[in-house]
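You will see chain A twice below: alongside chain B first, and alongside chain C after that.
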Partner chain A sequence: MKLALLELRRRPWRFAPAVIALVLLTGLLLTLGGLLDGLYNGFTGALRAQPGALLTYASDANLSVVRSRIDAATIAQVERVPGVEQVGGLGTVLLGAEVPGQATEASVALFGYQRAPGGVPAPPEHAGQVYADTSLKAYGVKEGNTLLLGPQRYPVSVVGWVSDTDFLLQGGLWGTVETWREVLGSARPDQVLASGTFQVLTVSTTAGADPARVAAAIDAATGGKTQTVTRSFAVDSLPGITQQRSTFNAIIDTTFFVAALVVALFFVLLTIERVGIYAVFKAIGASSGQLFAQVVLQAVVIAVVSFMVGALLALAVGSLIPPQVPLQFSASRALQVAVGLVVMSTLGSAVSLRRVVRIDPATAIS
Partner chain B sequence: MGHHREAALKLDNVRKVYRSGDAETVAVDRASLEVGPAEIVALVGPSGSGKTTLLSISGGLLSPSGGRVVVAGDDISGYDPKRLTRFRRENVGFVFQSVNLVPFLTARENLLVVADFSRRDKKKSKARADQLLAELGLAERAGNLPRQLSGGERQRVAVGRAFMNQPDLVLIDEPTSALDTKLGEQVMELIVTEVRARGTAAVIVTHDMRMTHFADRTLTIVDGILGDPATS
Partner chain C sequence: MLLASREIRRAPVRFGLLAGAVGLLIFLVFFQQTLLSSLLNSFTGALQNQSGTVLVYSSEARNNLEASVLSPDIVDKVAAVPGVGQAGPLGAATMTVLAQGQQIDVAVIGAEPGKPGQPTQLISGRPATAPGEGVASSETKSFAIGDAVTTAAGGSPVTIVGLTAQSQFNVQPSLFVTFDTFTALRKAANPDATMVLPSAVAVIPAPGVSPKALADSIDAAVPQLAALTRSEAVAGAPGVSSTQGSFALLLTLAVVVVALVTGFFFLILTVQKTAALTLLRAVGAPASYLVRGLIQQVVLVLGVALLVAVGLLLTAAAAVNTGLPLTIDPRALVVSTVVVVVLSLLGVAFSVWRVLRIDPFQAVGRPGLGGIE
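Moving on to the complex of A and B:
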């Protein structure tokens, strides 16, 4: 017989204040987490998807894909560095796209690529064809659509879908190198690139090679014209990413702390209310440990139930938010919130331990 | 556990002193007492006389400041709190003044909670709880919550709970304090009948002299000093 569970089942209203507070906090945690994940993925998807351990930028670009330029001669130097297995060129241009039947332009990042990123097929057969990121569906993009890119309304047709390839919160479009060059030239005539020049190189290293050493060797081989970094470093170097994550994580951590505080306060009050009955339990032979275990069990059950209801609440709120808002719910984030909530609730309930231990069984007899 | 031939309770020069700074309050002063294996003793005295303290010491709820407390042959005077908890779980039954049933547990569950804390065999515990409830005339009310029971029924459940662990000694605290004379008589009769039926020793604390005739012996306590035994 589990006293704690029986009480929860038979007197659920007693726990309603804590459950309501935790449901709201769960909804907040999942929404904040979803926004953080959506922003992070929307900013970094294209770089995270790149093949190879390393990305090579022009040294004067300050790790900016848009500003970086690497010419054919430098690429040839990179290819000859020991430890380098494969090199591919990558370029992008950020612009607006007119979507058939839609009044609002979609913000897109058109990529031209030599080596297919993870989850992206090999470049389309023909110039003017692109794979579109599924995030662009929120802007009304459909397969078979012809999108008109940039001020010159350069037409590209959508021939398939890819996912998690957005860049700087702009929907990813993935076409041939020729398509990218032409669109870049039409949208930014001052930035026309010579044939063979790319913005960034994706570099795979040979088996067993140390990526850090290879990166240093590449930059040495190019005479300092390049800056080669790991993919994860490149991702973290995107503008605002670190600040964005630390800000959101600070809010999320604070919310977890508030959850622990709510549970602590609730169970302290409940324990004060239960002093009489706990004294009776102790008088008839219950140990402080047994009573405290009941408190913890109730805290854990409350956390789990609150999480489930809170998750439904977050999904309901999420369905009301416009699809353009980068809100992404994921199983891993949900698991993190669920575990965090259970841990914080357990810690919160632990505040009652001292009170439970101090209850004198002799008070059961007046 | 079980019934022993030796005294169910033996107090030998028991003292309980409360200290607050330099001040000392003697709640129980050199009390000596022996309660036989199936004897019912009433302990009477005015408020603040020390009767509750003596009852608490006898049941292992309080440790004495001096003297010896022996329950069914076990000297519990030096037990630490953990050992006292185990002792109470296995050797003593309590009937509290205000019944103190768990409001969200049924009558049967209020009995089973004792076995639950002892981690006893669930099947055997359920059988014992049902047997006790049947003997107390509560078989039909086993699934009822305390609020669905009458005052007398609640009292009977409390008595059943005290016998759940087959104690050597049952300690009963002011069972009639909140009741009128007629109901008080009924409750005392019920308690005494149940205690006698099981051949268990019992100490009943009461301030109501009218209830002492239910006991085999009545002791008085005034200012912490236990008076000479007087046969009721």
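Moving on to the complex of A and C:
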């Protein structure tokens, strides 16, 4: 064991090709993971933050928030369903926003809400006031700013900050229902909704009630006019979310596989070069297990060192990427990459096992 | 040379496995490339294959056709800009419709008959010229000529009178209708709608005026607008650049892996054969002869790998259901092939260096080769 570490210390350049490849792969893995997390959070924040276990959409909207319409009569029907504790209306409109002093418009999702989502205060006191998601700071938004929304440049003022409430990669703005209706009317006349009509309902169930049964009861009570789903189902039904996640995960898995391949090829090469010295070790009593353990130890050390340098590389890349790009580094993702890299490096180094076992001690004297 | 090809003949499994592995990796590159061009086509096919060569959006829409809303007088203002040949309103919105008994999301695109914004890739039937008629994209096979389509919320039906190719939008099937039909569908989907406004103005320049010059003139003449040439609108559409960026990363990774695998394999082979190569050098074989042999082996392996990759690609394109119409782009494949071959040759540069570094004198210094140390 000591010998393996000694070799790493005395001849670090020998391991440079594998370390360089793994550093690059670590940087790639962390950046990809950060992008996946950022995209997911930016797409789904507003829905994940909603109160209650269920979300009710119009059945002809295919679970699209912006295309859904639930009128006041239907809302009353939902409120009367046994197992329903609280119902709140929610509506959104996706717009461009002019930010004071900025040339680039910010992409925003203005929400009008009756029940406060997690992390969002109760609706502001006055129409025209909004809480802004902290992601909008990347567009130069500051507290106290007046943002001009949509083609009619409807003014709203930022009175506070909320976080992780973006929707479809547009910065979340949270205002009163009246503000939302006025902006909708001015910016999207073809999406206007009658008073009392909302796009989506957030539904809390009574203690002990089974959300799935309550959802079915709501849809039955409205005569099929609604489609009620759990919040997590609604999140996964957002356009592109599952495809995005599966594509990124496939890339990440492939990258881990490539890391194992690189380590495997590197240690096969190293083992071939060391056949003579391994034969000598075996001739003086070292077992195949001991020799193989050295190979594995070196692979693990290489993986750990590469991860540390790669993490710095990813942070450097992250600092160069414009703040509008949804890149979010997290400790859990870093841990996942570190563990994955060590496991794949160990597996990769295991490819050399057969060669180490096959070494004949007699070749030491031939 | 003879020695290099004979070695391959004597060890077909070893070289066959490498060619297979590299072939699989090159297939991965080719498949991703095909997926990329098909995906981009599904994102913006309807924009690319409509007749307006200049598209005018609201400046706050950030190049997003569906997010753009224009007041009706804008169409006349744009039409009055010198250099405009034809101009017409273009409406675009995603709607849930009932087609063949299924609820599906469709990008509905409305343009006035005879005005810019008509689909250009009609493969059967005829253009929609009257209210209640529609031309649907054929890729998803959700529509057939004669089908009646309504919004999921109800309203008057639209009869499909034609089918187009390469005309999807935002990875959804598209339905080209007249602007009046578009308005009717929007109102059917949302009876509370107070007004249905155009999303954009589709423009065809007058003869002798380039789309780029006309776009600049429109931007200068009418405030609060973003006039884009068709290719700019396609490149700037939401999702296009991020998709291109993600795939560029993937393709780079895959190509580097091909080069790494090829390089490492031939390096291992060279290290294993060092004794034999030293002997060959000692009996008079020039280093260039050995290097040529190595390169010949690399080229042969890559050649077989490319054949494997093309075979797999053709099979996958015919058999795999990705939910996208896959179209193979031969030009992109040629570029990928050149990059893979060049990088793989660079990957074996270290092996070449090791071959060149072989000292024939070592043949007499190595007991394993019959020398005396």
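Some notes on this structure:
Everything that follows uses one rule, which is that the second predicted complex is superposed on the first by the 364 of 366 C-alpha atoms of A that agree within 3 Å, B and C clash if a C-alpha of one lies under 4 Å from a C-alpha of the other, contacts with A are read in each partner's own complex, and residues count from 1 in each chain.
The rule is simple: contacts are C-beta pairs under 8 Å (C-beta built on N, C-alpha and C of every residue); 3 or more make two chains touch, one makes a residue touch a chain.
Remember, it's a predicted structure, so these values are computed and weren't measured experimentally.
When the shared chain is aligned, chain B comes close enough to touch A:Val280, but chain C does not.
More residues of chain A lie in contact with C than with the other chain of the pair chain B and chain C. Using the contact criterion defined above for the overlaid structures, shared-chain residue A:Ala4 touches neither chain B nor chain C, since it reaches no partner. Within the superposed three-chain model, A:Leu353 lies out of touch with both chain B and chain C [touch as defined at top].
In the superposed model, A:Val305 lies in contact with neither chain B nor chain C. In the superposed pair of complexes, A:Gly150 makes contact with chain C only, with no contact to chain B.
When both complexes are overlaid on chain A, the residue A:Ala194 reaches chain C alone and has no touch with chain B. Once the two complexes are laid over each other on the shared chain, residue contacts for A:Ala364 go to chain B alone; chain C is not touched.
Legend: residue contacts after superposition of the two complexes on their common chain; A:Asn62 is shown touching chain C, with no touch to chain B.
Residues common to the contacts of chain A with chain B and with chain C across the two structures: 366.
Residues 58-62, 67, 69-71, 93-96, 103-105, 151-153, 171, 186-187, 189-190, 192-197, 224, 246, 249-250, 253, 257, 260-261, 264-265, 267-268, 271-272, 368 of chain C touch chain A in their complex.
Considering their complex, residues 52, 55-56, 59, 61-62, 82, 85-86, 88-90, 94, 96-98, 100, 102, 104-105, 109, 112-114, 116-118, 122, 145, 161, 165, 171, 173-174 of chain B touch chain A.
Residue ranges on chain A touching chain B, taken from their complex, read 1, 3, 6-7, 10-11, 276-277, 280-287, 290, 361-362, 364-366.
Only residues 21, 28, 32, 58-62, 64, 67, 69, 94-98, 105, 107, 150-151, 185, 187-194, 197, 240, 247, 251, 254-255, 258, 261-262, 265-266, 268-269, 272-273, 366 of chain A touch chain C when the two sit together in their complex.
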